[in-house]
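Every chain is named by a letter (A, B, C and D) in the order it is written, and numbering of its residues begins at 1.
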């Protein structure tokens, strides 16, 4: 998971990208990078506010930016990646994965090509460069059609900004008119946060590239047949609650998942305690249909970030981040509600904590199905062997986290919620092993 | 408002203070400082995690730390302040204000004393130095008894750690046994976050100094008669929801204030929308007695901090920090609930935002009375002229923020809630102009 | 002009490269970079001591390093440059120029290749990658034979360290046994500064690559016929006075050039004032044959480096760097001796300064001929139009710098000195426009 | 040894102090600090060019600055030191020592005073504060008359800049008109480097304070009877060769000392090799009377500064800093000439190095007497026990450094040189134990 943004023909492009990336920061906190006019670049490890402190580039009017989720890689490995080609200078920021990256990389190197990084982004640039066209836009189109992958990307060239999305539309991408130019971002909420109007925000359609050029009229080029397989985890966890996909709000979807969770399980208790902040929307849904009140049984310390000298121990980190409220929990039966469960290690610590704080019974409700498969399309849900649900049925999982009950949504129930919203063709590969490619 | 912490006879004192300050970070985000064994010092502007990155001091077993709220002052002005005196080296961190600081400062300077800073903390050190005793502990006791003020403080001396609180106990301070030594902090939640046991946490009583020495038995010295006037704003806003004062949990108090708000006003609506995060507890209380459901109508971006190139404009800052959820608000009557209202400028922006997002009616409920007086005891509620309620009655305030209704708690109702919890002698000076000194 | 270094099979490679680069710092003060085992990289703008502060890489046993002279380029443009190829990972540091860089770059890009930088170094990596061999050593050999250029380079590969020099041997390169491994550096003085023995130091011969591999026996591969055209400016100005080329010490050559300067001109005066530090050796020679004593008429401030807030004005910079000594100069006839004159602007300021300090007559002696041509082989003597001697005969040059006399060495005299030392085939292109390619 | 500077009523005061401190950098490389209008302060460890990078204060027109020699102390301990007093805010920078600092410090603390630092500078501020006057200028005068010490200082007050020198005038201090205002600096060469005219440069007389005020006419106040005991080491070693004291140039004095050294010893050899840069002037003198030519037998690497990862070993540091030139030294008898010998450890390493490089005979000539006493007046010649000459007669010293001969100036010869120049009342305490106080 990463966040990307692009700006075309807008004053103070650097500032605007900065604000967009701040709104996309939840998609990646490990590194940030921006490239603006003249391919001037600022990159660094850490949060947007600590990386983008340089005010030298304020006068530009175009650029792209990236926030990165994963932790590996050195300074050179921070996106966007820029290169010189015969077809002009080009810079690319990328959210997702190229499925056959190793093969493609090998193919390029066998033709004599060299790589500066290990990033998939660089493969895209190579394909742009080797495309059998002299025209940069045709070259990009060719590259996109050759790379079967799960990605969204923004590309800055001397003569255009491009926004592209793979044919499955696995990762989101939106654009909007803004002042005299255009803005592109991974989530529509980021566009709205800087003042784009809802009615002007549009999806970049799967299988298309949109070129923003000096004509200042977006030109949409289709490079592949659309075959929607949007990642359902975007709805459940990745995206902000004020983001919308297919015209449906993620907070509303999460509430519906919470409602469905109650319909399927009907567990009763004194209180619902949301596992902040991701479990809050689902808790609301569960509460609305069950009538069980929500309580503030866990407090979150928002200042605990990436402190150098923090304990390495996962348990101590969680204990500093979340505090249970004994005055609320003492002697009560509670339902902890969270959006998903991957490895179960954090939930196990939370269950311990609320018990120590006096909770009499601790039930754990998850408003998505058990994660049984890893994802090759850009989500770091890790190797299958690490996924707790692949090794355990619900009972064993309950035992592991130490809850009195543990329940999650059925795959069918999950599917119904999306269908009920009119969202079709969603990918649930990590829940049912049915992947697009 | 500031946060202070102290550690005595505990391994890795620097790390422990780091963790305590992280837990107190909500009390001050402008600067942080730590002094450990040998008076080795790390200080800087910014958050704890960006200031306390130095791992050189890891081997110490005692120290004090400070997080600062206010924005003025240079690097030299960051606490703790350390000095050499005839009675040994001494370092002080301070939460609160000396009421007659200017007079005391002048008195010292007239006797030939010099000041390195403008901080009240340095006055305390001077009084320690001029005290007519050779013994450092008696000197400190004398200094405390001479300074009529509203403060809590931690003091590191070659031969002791001391924790002290003025006779009114305006600012909180707690201590606890921890491993083989002792820990001091502004809030009990900070002590618990690092593993102190609830039953070992005790209040530093107003009008006393507690000395932690090589005897490793806390020695409590009374320097003034206790006359409790604890700041009620600590309950309402400053402290974390998992903190307790007088054995009463702040989250519970806020819920009761929310309930009382409904009892006094009985405003009906489709939803309650908490103004995150401070209005959440009060919203729960209001919801519980009114039966009006809570909804997640405002989303907060936690990554918007102190970014360099942020817009200076208050409205744009609020708009990036909080997003309204149109899918929730569209066509609805809502009650925005917040803990307090000081200048009203932020609330005005929020009311605008939720209206733009489609709310049909916007009511604003505040679960404390109108702030009509400034505070001389360490809270930056500013000069009276800036307080909106001093210039406006409720109707004018409503008009200013643009709400359809605006209601807050009566002073009597507010008082009743505290009395109902058994919390007496609370200071409500900013609401009723009845100040302790 | 740049400096390069390499280390193979030596403990604490990072430290050793650090020390070598410090000894080569006179060859470039703008940027520094090091790559060690695993291609771990430290790079930055500025002096070695401010860039190489990271101690994380101390455990490596091989690596290469670079100090850069020119001022253009961003962080990405600092050498060494590293890339992934089918033949393994490779890192290159480079001193010199590829003559037909633009053509070669275009050729690579026309074949679909992409460039991350504007550096010639990257061309070398591309040629290594496209070489029609799978073996990396054969590939490097092929690349060297294809690139007709003026360079010395060090290359780090997973399986070897290589040191290579173009067929003309324009830039210097030396290697030596050191402890259990080998060391490579631009000047022999750098090798001696870390303790290499004189008798073990050898030149990398023009037209050869030396591979250092796990066999730990240097393998010398000839890729082109040696045609010595060593840069005479290395003798005159670039290299340290304790460096040797062709077994001849640069300080000794400079003294001989000073002697020859007197033989050709026989200018008399009260004192010789060396223009520090570059004119010192030549002054000694002139003094020895003329009998005119040297005096310390100009003092240099070694702390004036690259201060941020220095005056931009060249005159003020020179005036802060060099101070004249009135007590020495007052009423005297002096000969200022410097090694070369390129634009003449600095000398003009110096002549002004010594006159102001009281010198009665100011003669300027240069112990090399007038620079009339620019150099395409790695020396930044700029475009011909900026060279003062191309626009002026000696008289006009004298007038420009404001001296009472100005004299320099004849091209023939210059040549004789080298021939007299047994140094043949030297390049004097910038003096006589006779370039090797 | 330290360097101090002050600026009054001059545009861009910060820049001017920066340039002055660069010219005084040889007096201290460990730390630098500047205070300008409004007592805005920039301080840090390291060289001027790395500390004074902040351009925020450019608009001031007055200020003081300091460069520090010694290595102890934390950030708080960097001068200038600023304090608030009843008589206004005051900032002090100080070159020298207070002889009875411990007593004075104790006296202040016994009166209840506190110290923020361990610096003598703070004692001066305390005396200013306790002076029985309300007028700040009278207070300063009183303070100076009470503190018997060896110092020069600059003081910035809201209403004046002051420059003061103890009655013995041990450390130098000069001032000059500059543009519309005045400049103060430790050496006249610093004043000239920024453009002050020689004829306007004046000594701050021992036992006086000069006040620069809004009247813009320097007011000279005598606080003690002048009793000249100027430090002779300033002539021999500390000051730049282009500095003058008592109208006598240091380079000329050093030459005379070199001449006297030959007169007293008449050692013959093939060459004189100056130990750069401090031995150069003396070498010239020795060469002029002896007729023995100077040769460049040792090269200095100016880039070796305070690199982090340098070898801690003194021998390796010297070997990286200085390289012997075998082509010069091979088979020769040489005289190494240096200005002084304190511990002898560096000279021992140099003698080893030149022998290894082939020198047949190595003689060591020192153009000052043997250092037998430590100095309490601001020079870090260390405790007596560390001084080699106190433990060894010339023969033992020769043996220790490994020279074939070792000779230095007699105390009488040394004295004669100064008398011959008309410089009287010079302090030679470290050579003859006759100290001023």
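In this section, contacts are C-beta pairs under 8 Å (C-beta built on N, C-alpha and C of every residue); 3 or more make two chains touch, one makes a residue touch a chain.
Just so we're on the same page, UniProt names per chain: A, B, C, D = Amidophosphoribosyltransferase.
None of these values were measured; they are calculated from a predicted model.
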item: Partner chains that chain C and chain D have in common; value: none
item: Centroid comparison with chain A (C-alpha atoms), farthest chain; value: D
item: Whole-Å separation of chain centres (CA-atom averages), chain A against chain D; value: 62
item: Distance between the centres, which are taken as Cα means, of chain D and chain B, whole angstrom; value: 51
item: Chain A-chain B separation of Cα centroids, rounded to whole Å; value: 36
item: Shared-contact residues (touching 2 or more other chains) in chain A; value: none
item: Each pair of chains that touches, named by its two labels; value: A-B, A-C, B-D, C-D
item: Chain C residues within the chain D interface of the complex; value: 14-15, 18-19, 22-23, 25-26, 29, 47-50, 52-53, 55, 189, 192-195, 198, 240-242, 244, 249, 251-252, 280-281, 284, 287-288, 293-296, 299, 301-309, 319-320, 323-328
item: Complex contact set, residues of chain D against chain B; value: 41, 74, 76, 82-86, 106, 109-116, 118, 125-126, 129-130
